[in-house]
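Have a look at these structures, which come just after this line.
After this come two complexes, each holding subunit A, first together with subunit B and then together with subunit C.
Showing the complex of A and B:
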């Protein structure tokens, strides 16, 4: 198996007795756009801060580009190759947009002047305005410009489209698609399942400090299905469902079943129940997400 | 050529893209020798993952619809036209089936469900050959 650009093993972090990460095993394949999902407080930002070397883990290990993030020199080397947008999107408030860009540029030898110009125009950023006077959305755009222009091999973005209007969101997602076509890996957290479903090819769902679902989005969608079983008279249920049934809900003479694997076997089992007729439906990422974070 | 994907439909995006390209061939919007947009262009136009576009192109190559030429892109193959003729024949069959179902009083949604359901059973390998309506 090819090593992931990001790999964590049994990563743990506790804050004042509260376990934020409880053995996180994460693997982000090279060249992917990885959507990192989870409810508020699930551990997304903690994970990102650990990867960036901004926090120290209490247990387990994390590697980026194969280098452990805990090694002091490693963290610096890693940060050179990463573009990072934090949740709070902090910038020097007293500088103008133009000054921030000129200040940032020399830190990155692979700086992409072409992309810088492109984003300046696309995001309609006023170069002479002070950062302190920018709206939240404008600040996000500036942060994205600074991050995406630096020619990074890996982008780690904590809710990159948070606070952006739909048009700007579309622009950012389109640029992420373009940048990935050039070989960059993108790891981003988001609450917008629709945008994740659009742009991500891999996803991970974190809940209470553990990764509970992970994989290629197409594979997950192929594996998961909803079965709708309608009964002619009364609802029958087997003593034990085949493994892979995540959830069963009864509604009148109908059973609605969410299956995460063995869908064919489960459909056979449902068809063998007296008076049943079975239909199969694809599921959305939203259904997969809600099912897992609610039942966990 | 306009492709439109619906990410929340539950159908994998690479599959949706494949279907739409095949459809474009069937209706002769794309002909043998025509070049598909580059992976990057397609990804940006549709705001989708380039790896997903690549997967769709590779599957289409596997099915003999397109030819991937290294460095120059994806082209519709000659044989795809033959496939398109078969599909036009299929269209006629489906059309008459739908007319018969409609004459039984089935609505559009009911017909669609009947088709979807039969196809699902077929792909599950449990097709008993009897229509269940």
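Showing the complex of A and C:
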């Protein structure tokens, strides 16, 4: 059994002097739903293309199912076990929906006809309509059908819900959650943090080509807490906060502190300040994300 | 299924090419029926020479068109990423796509030559059926050289440069043949025009050999580029 379905070590990629990836170390556990987050241009799509063998890395290594993606025969076998949704979700415009499905099906021996029928019905995809005549949302749905029906062990999805209406997004998220119950690993990038928080059990935040946060979402949310310190009169700040304070924001007589570790010690330190009262609050994924990408 | 995809991608271009072919044949038919009888063989072949230019351009275009089927270059967008995410080697994508394109356009060349022979009486008066077959073979060889040159260009050039690269390659090769000290017997341009089997009543084997070597060489080079980029 492979522990990390995806593992990269010091992965580097440069485009015309611009470093898109600068030593990316990533590990995606088997059976997880891994949300891959980052700002525009952070390196998410480049990472995905490298994993799919669509780009050559300039340095470092990447393994999927324990096989290096740089080995040609291995890469073909890897792709047989992967479902992939690209960022632009473009398919062959000259084919009909039915033709694209019939074209894709034979490449994947574990193709799930039951899921194909289910998604055709759920997404209301007209089999005789040309791909060129589909809306962006319908193209996304078709791409998801082609990906999730493959019987793949790993789904690599670049912005899978982009272009979908809220109802379809809900359906897709539910299906993704259901698919992992059958043992499939899902690695997906998204800007929709609420969606990620809803279904992901692991997250990785990439910024400027480096992974700056990675781990189980529950652990991260347990680790991070916001402390609200309200002062009776003037605000007092210590000369130095206990290690673990990520960010302090002052708002009138109140300090808002985001802590990533040593939360108890930080709370004690805050209580020791004159005239202070301290409240602890859980944080959202959005807060964790914004804090890290702004401070990086 | 790759053949099926290739066919869907190529069929309208094939229809377009057949349409142009029918136009040329209609013109030759009209000239053959209404026009004055040719005084020299060259007069009968003038139209063929024009057609040869068209066939060269058509084959180069067909070669250029294969590129999105197997290669992701910097300007890649659209469905290429979907194709490349399939569990198929890039070499196989290249092989299927370029073979299909070559077969279809070779079919057009054969149809064109058969049609030309059938509708243009001056040609039948100037050459034998065997010479027409030889000429067809030479035309396929000549076109193959440019077709695979374009396939090769498609392995490393982006977008607009693919087209310009193929056009420059065509002019570059014609310049090489006309202005270098190479013997006329290996000139593949002359082998489908002034030195063609229809004009000199002999098969230009040396030129056919050169064309075949060029075609195989360009395909080999294309496959090397694709294998280097293979993951």
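Operating definition for what follows: the second predicted complex is superposed on the first by the 294 of 296 C-alpha atoms of A that agree within 3 Å, B and C clash if a C-alpha of one lies under 4 Å from a C-alpha of the other, contacts with A are read in each partner's own complex, and residues count from 1 in each chain.
As a working rule, a residue touches a chain if its C-beta (ideal position, glycine included) is under 8 Å from a C-beta of that chain, and two chains touch if they have at least 3 such contacts.
Since this is a predicted model, take the numbers as computed values, not measurements.
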Joint occupancy of subunit A by subunit B and subunit C, clash or fit: fit
First, second, both or neither for A:197, with subunit B first and subunit C second: first
Which superposed partner A:180 touches (first subunit B, second subunit C, both, neither): first
Once both complexes are placed on the shared chain, angle at subunit A toward subunit B and subunit C, C-alpha, multiple of 10 degrees: 150
Which of subunit B and subunit C A:33 touches, first, second, both or neither: first
First (subunit B), second (subunit C), both or neither touched by A:279: first
Touching partner for A:117 - first (subunit B), second (subunit C), both, neither: neither
Touched partner set for A:136, first subunit B, second subunit C, both or neither: neither
Least Cα gap, in Å, left between subunit B and subunit C after the two complexes are fitted on chain A: 26
Footprint overlap on subunit A, where subunit B in one structure and subunit C in the other make contact: none
Subunit C partner contacts - residues on subunit A that touch it in the complex: 49, 52-56, 69-70, 72, 75-77, 79-80, 82, 84, 86, 88, 90-95, 99, 102-104, 106-108, 143
In the complex, subunit B residues that touch subunit A: 5, 7-15, 39-40, 43-44, 47-52, 55, 113, 116-117, 120, 124-126, 132
Of subunit C, residues touching subunit A in the complex: 1, 4-5, 8-9, 72, 77-79, 81-82, 84-89, 227, 229-231
Subunit A to subunit B touching residues, read off their complex: 31-33, 170, 173-174, 177-178, 180-182, 194, 197-201, 217-218, 221-222, 264, 267-268, 271, 277, 279-287
